[in-house]
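By written order: A, B and C. Residues from 1 in each chain.
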Amino acid sequence: MTPDELTDLENIKRLKYAYLRCLDQKDWQGLRELLVEDATAAYSGGRYTYQGRDEIVGFVERNMGREQFHSSHRAHHPEITLEGDRAAATWALEDIVVDSEWNFLLIGAAFYEDVYVRVGESWRIQHTGYRRSFEMTLPTTSIEGFALTASWWGTDGQSSLPVM
Amino acid sequence: MTPDELTDLENIKRLKYAYLRCLDQKDWQGLRELLVEDATAAYSGGRYTYQGRDEIVGFVERNMGREQFHSSHRAHHPEITLEGDRAAATWALEDIVVDSEWNFLLIGAAFYEDVYVRVGESWRIQHTGYRRSFEMTLPTTSIEGFALTASWWGTDGQSSLPVM
Amino acid sequence: MTPDELTDLENIKRLKYAYLRCLDQKDWQGLRELLVEDATAAYSGGRYTYQGRDEIVGFVERNMGREQFHSSHRAHHPEITLEGDRAAATWALEDIVVDSEWNFLLIGAAFYEDVYVRVGESWRIQHTGYRRSFEMTLPTTSIEGFALTASWWGTDGQSSLPVM
């Protein structure tokens, strides 16, 4: 690969990382800017499908907007194929959600199939979608002594655990 | 590093990513093609040791073949040393298994020590092995309300959770 | 980006990977060598703040030194900005702790904001700090049948689970 191709790979990875950072920090304006206007999404094996940036961001904001909804989405294992000003990629996702209002924990895994396009000097998301390997949920009230000990919103990101 | 060396690093990372994708998608033929014929494996601190591609793939298929065995193996933190047509690497593993037949959850972490070889234009696995940092299991029946809400095989990768 | 810049990115990533490997393997001497002498740390939204390599390594060693404290710290999503001989980076952390003496499980997520400096041919950590997205804990004794089935220290990294 040439330095230009290696740079494209690095920049596409960073696009995905920024997308997931915006998601978990609830930065909806930042998220918008990473998607082209006619972007499409097919989450959860296509069960949650959206057309256009407005629909996608609307879906995410409605379902992940509450500050009691704490999420960690981590993308692993990028296998990116460059095709000039387009690129396709497979990623492995793991996600954790702990909801301190509805008292549930979710742990999931999936494989993404994304498409990116070059817009000027940078890359944007044209399509994103994933199919679940598994997803499990449990009520946190079922576990005696379960505690949320830090929250980005509730505790300024600080833990309440003692240290030595 | 030269562009060629940077390309080798990228291609070795993708070899590992493809290996783990094949593992979690139960693509045994795909897995075979990533190993050289005389590849060796020493999983779990050497407790599960195999000689040759047939033994390795056989072990994996016997133990991870059931569709109720849902796994997510994620490799992090590649520290790769290139030595011409060979390479050595350390990786940090986290893995989750949720088994909906035997009703257990497993969460583990480990460090891989791998060896790769260049075969023609591509890289293959010569040796793979890991030592566990920890591994924990629990019966999912011990948690009231535990549910598997999506499965690659059981639900076509779709979640049964409602969204807004 | 030039090959030199791409190499800097790779080397900075490896610095972070080595830091987390030393942490989880309890290699305190290895950890020391990755920090400049006047390094600073602000963990957990700044609640745990330390000045200088001695204070940082002392904090880590006091709190994570016991062999019953099994940790997996995984850094994802590097967004690195090079500025000559300095660099700033955002990372997404997920960490798991399973403590077999105090019988608790911790699962957390956070975003790091780090600063690195070039020292001779290599990179070192000048500042590291993270803010928690969330952190949850539970007593493992609350889950009937919970078991630690492998430990780097307690079982030489081998699992006690049967395989076929």
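To be clear about the criterion, a contact is a pair of C-beta atoms (placed from the backbone, for glycine too) under 8 Å apart; a residue touches a chain by one contact, two chains touch by 3 or more.
Fair warning: this is a prediction, and the values are worked out from it, not measured in the lab.
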Do subunit B and subunit C face each other with the same patch, meaning over half of the contact numbers show up on both, or with different patches? different
Subunit A onto subunit C, rotation angle from CA fit, given as a multiple of 5 degrees: 120
If you average the Cα atoms of subunit B and of subunit C to get two centres, how far apart are those centres in Å? 22
Give the residues of subunit A touching no fewer than two other chains, as numbers and ranges. 3, 6, 74, 76, 143
Subunit A residues within the subunit C interface of the complex: 3, 6-7, 10, 14, 16-18, 20-21, 24-25, 70-72, 74-76, 96, 98, 105, 140, 143-152, 155-159, 161, 163-164
Residue positions on subunit B within touch of subunit C in the complex are 1-3, 6, 9, 44-48, 59, 62-63, 74, 76-79, 90, 92, 94, 106-111, 130-139, 142-143
